[in-house]
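Both of the next two complexes hold subunit A, though its partner changes from subunit B to subunit C.
Right, the complex of A and B next:
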């Protein structure tokens, strides 16, 4: 078995093996299995021995899958892509928390050294009515794409490349927009929310354009369209704050307040007078 | 016009849970949306909070003795003096309160339903979803999780309170119209009644503890300069209302107001 045991980093960083030997964990996994969107699901118990402490959570699942294949059992389906915390494809509930126990960490960036030998780990898919399970741990998050699409376009001149610094953006504003733009669209906020609300995701997407000069021409149209699309798929925010805690990018609740403010303004403004459509 | 085109069947694989309704004329169209309803809930919640604070402070006249509290009650009925018919202003305020309660409850109910339908295995009352493997909460607190329980408790309590002290349903012969001091002492000296008042007012303060903080977010009152004060303010106000309102049944039961 070679998968996931990237030998080079053995023993480094976890302090549990001074002599260069790979620390191995034995884990009791409870993994959600579900054949399709409308099939009933249930937990599969897996006794996973010899999991290297230095592998990531997804690599741990890879190892489990290889063993399942050897035993002629269908491997567990889970979504993943970049495995470096930037694409937002991965994401499962780990012991009742989206992306697991570590703050500001996506599932692919979570390392098994954060668990202890003998730990029981429950793994299930993100849940919301608009995130139907495709199979096992993989959910369909295209409802997020609908929200993004409804945001539409921004107006920007397309000729030759504009001069750098032609549009002045104060540093604080650029930072604020950048904090919002850090959202990777993983859906952990919806998974964490008892109401299955998508306020944090939508607020991040609105926030990063709405505060920048380049985002102004369509600001109010965008706020209205994205919020209303969000509402047609997801629940209603009650300001629990669970989303920020689950978010691998620590998107702040402040953006939700900005979303609320922009949405009401959009509903009240005479956009022709403001020369903004 | 640029348009995003998705293959129709692919776009519909995850259909919206709610189709868009025909828009009512402005400003009613704002109330058709969830964020709009949430605004109405926050504005009426803050309005009701104002009432709760004034009502609690007004009731402190109880500690000045029978003539003062009865005079205060009379002054409420006589607001506006000879310029307006007696109790007119009181009735305007009462109608405003009833409207605020109605809107607050309607928006709360509708939003709960939106969340319930968006959440698998949702609890019917709270509308909150459940994970078969259990969820490990980090940020929610008792108050935020019980808003949809404390709310109805307050609603039922308001009806009880009106029947008790405004309409005098069960005090019967002991109810004297206009003698507020007498009625309050008569009612609260019964242990079951005192317990109802205590439980309901704890629920009210718990509701306000989350509600007030939540309202800041909903109304977009968010500024890094004072954000750190919002929780504290909600705690102080909920605490002051708790102490003030609980003092009445406790003082009567203790025999300090008789």
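Right, the complex of A and C next:
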């Protein structure tokens, strides 16, 4: 399989040939089709001609779908929404990699100029037991919401807040929290992990909330609850680091260290607290 | 029967109205709140903040989103920031100044009382979000940072890198998640709201279609809250997410809720132009780029040289030449219209000749590449990712795109539509931005409505209903609504036409953009009024939707939405045609000053144009809510 990566991309690098005309690609696509969660799936081979090098990966799928509709074949289902890399709705395996070959790039922001004419591209849904396939390339990631509901918040009922500047947050702490909070919840970390672990997703939220002064009162309860909810859905982390490689927002593995530290401390502290009551 | 619209503006001076009102609204006893069920549709900033706050008060909330998770709502894509009149910078900001700027920015087509309240609660929003752990930008001393945004003379914008919308939405989503865990909110995800149910003049529920199983279901409650966003996707190409739609608001309109000012649309000047006919959306880049970039096109339309090879004499810096005082920093609408003018003259650049240059060569020469990278690095990277062109070496190409819609469902001071028990929050109502929205004010309004307005005002409607149960879902009014949705949905599968849903959406977008986009005139609008119904008729007779209704079917989701856009587009054009003036985002070419500025007609058009549904075969009736200005002096802007 010739996974097109950065080098040797189409045309002059901007999807245009020397005279400014759009470069057109012909691609051999193998696309996963599956009618429903409990149906068997299989690959559909599509010979996709005339794909403009300047279009995005999802627009390439739009073009394929238009042609399927013309041929009375039901279009391919795939999740997508903002198409600017922030909502976290999209995400497919492209030649075995979540979101494809470009680093720090969600599927919607991957452009076809990163592929070469004649490339064979295999497109599959994110594969993880806790992300069951809904249809074709779309999966169900609701397990992530369960993790957040178990503790991924700071309890501050509306109206109770003091003036915003009453709680100073050192700039480096705020920046650290923001680095973690940048997670878009796409699930690429789980799809990339050989164990289908959700450590990076969970750690991103813990890393955001547990370092802030506002997050301290619930810190230990949050750490224990989120980690244990995570473990009820997902596999265990064995430090492969594939998650951070696949992450479109490049969330750092350092946050997993924060998660491990806080979880361990939480187990001790929460037990002590429980014995006092 | 002609509808009358009562805005229910409280008595008192502008600074006292909200306090007076909070005292006069009826309260629901804390122990009784759980007896009221409130349906919240949409889980973006407005919906999620409302759902969380209402549940914290004790109401039984059911929240609905068509997304897989509430965190996907399009509020997440807002980049710039959120305004609040904190005056942390000691630079002369105040509630009154934010109020004044917002009314003026809206070109005097918004309600003074609503805007004043917005400015008041802006203070609480920042407190609330900081307490939730929203990682706002900080100074080294640990206090909150601010910046000046969108031409404001004070620094009142709070931000979280270029992802302010994301962080505020996650804050509201997490507050709602806590309430889901506590049992106060029941979340229905992948639930597409396809109708609003009204009985005896009161909203009593909604009809949803499960996007995974196709099941059509009725939900009943004491009140229905719509927080479903704007109608920007009527243009097909916009900066909105692909699934943003007008359906819930439009179905409410068809059930009797007046739709106000649909012609007001904000066009953002700095977006990346379309690269081909398959373009699915347009990406916005922060307009802060205009602080250092110079906008130009070649003077000669046959000039095929590379940008860097074109000498100064052959470059047309059209904004700098026309507006020497403001230059490239003229307001969004002025910058947008001038870009359109030069592209229409054939001076556009790029392979499709559909953009203008935004050139950083001068600032790079002056300050060095590293300074520019420091300021705009992430935006330059984003541009290169999308276009494959390096903006440090050659100028960016930009063109305006639809970004935000100021019009929406008409609401009174309580945010209730003219249908009792039906509320509209955030972008889906019309109330606070007039004819044009200031930068960093959308996030403010969404959160104001959800955290701090609705939780106070909804009790006024609910309190007298304490003894009454919601209309049961087996009531004939629900059965009829469910049958209608079922028939409509299945009907699309029976058309078996020849063209896709997207084809018709694109065609609709072309008409609306051409005739009711950045600049409008009578001839074009009248042409649109013949073309839209013709397209709609063809669409209904010839659209091709494959698959079945009993499973995930994205084309079937989309076809209902496009059908509603087809009707909405016609009303939008009629509204633009009737408003014989230019104001904010509505520019009628017939009404401009000799310098080409928007020319308002305050004598005849200082009103909210609200349209009342008269049935599918008759045009909507126009109801006018007069706007009175007691605290802000009406002036004509000038950027010369």
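Basically, the second predicted complex is superposed on the first by the 242 of 277 C-alpha atoms of A that agree within 3 Å, B and C clash if a C-alpha of one lies under 4 Å from a C-alpha of the other, contacts with A are read in each partner's own complex, and residues count from 1 in each chain.
Throughout what follows, a contact is a pair of C-beta atoms (placed from the backbone, for glycine too) under 8 Å apart; a residue touches a chain by one contact, two chains touch by 3 or more.
As the structure is a computational prediction, the values presented were derived from the model and not from experiment.
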Which of subunit B and subunit C A:34 touches, first, second, both or neither: neither
Touching partner for A:138 - first (subunit B), second (subunit C), both, neither: second
Partner chain(s) touched by A:107 [first = subunit B, second = subunit C, both, neither]: neither
Partner chain in contact with A:153 - subunit B first, subunit C second, else both or neither: both
Winner by number of subunit A residues touched, once subunit B and subunit C are compared: C
First (subunit B), second (subunit C), both or neither touched by A:232: first
Footprint overlap on subunit A, where subunit B in one structure and subunit C in the other make contact: 140, 142, 145, 149, 152-153
Complex contacts: residues of subunit C adjacent to subunit A: 49, 52-53, 56, 67-74, 76-77, 86, 88, 124, 126-133, 135-144, 160-161, 163, 166-167, 170, 173-175, 177-178, 180-181, 187, 189, 212, 241-243, 275-276, 278-281, 283, 351, 385-389, 451-452, 455, 500, 502-503, 544, 546-547, 551-552, 554-555
Parts of subunit A lying in touch with subunit C, wherever the complex brings them together: 13-16, 20-22, 35-36, 52, 54-56, 58-59, 62-63, 65-66, 69, 72-75, 77, 79-84, 86-89, 105, 109, 111, 113, 134-135, 138, 140-142, 144-145, 148-150, 152-165, 167-171, 174-175, 177-178, 181-182, 184-185, 208-209, 212, 214-215
Residue ranges of subunit A touching subunit B (in the complex, touch as defined): 30, 32, 41, 43, 93, 95-97, 122-124, 127-130, 132, 140, 142-143, 145-146, 149, 152-153, 192, 194-197, 227-229, 231-242, 244-246, 253-254, 256-264, 267-268
Subunit A-touching residues of subunit B, taken from the complex the two chains share: 2, 4, 6, 10-11, 13-14, 16-20, 26-27, 29-30, 33-39, 111-112, 114-120, 126-129, 131-140, 144-145, 147, 210, 213-214, 216-222, 224, 227
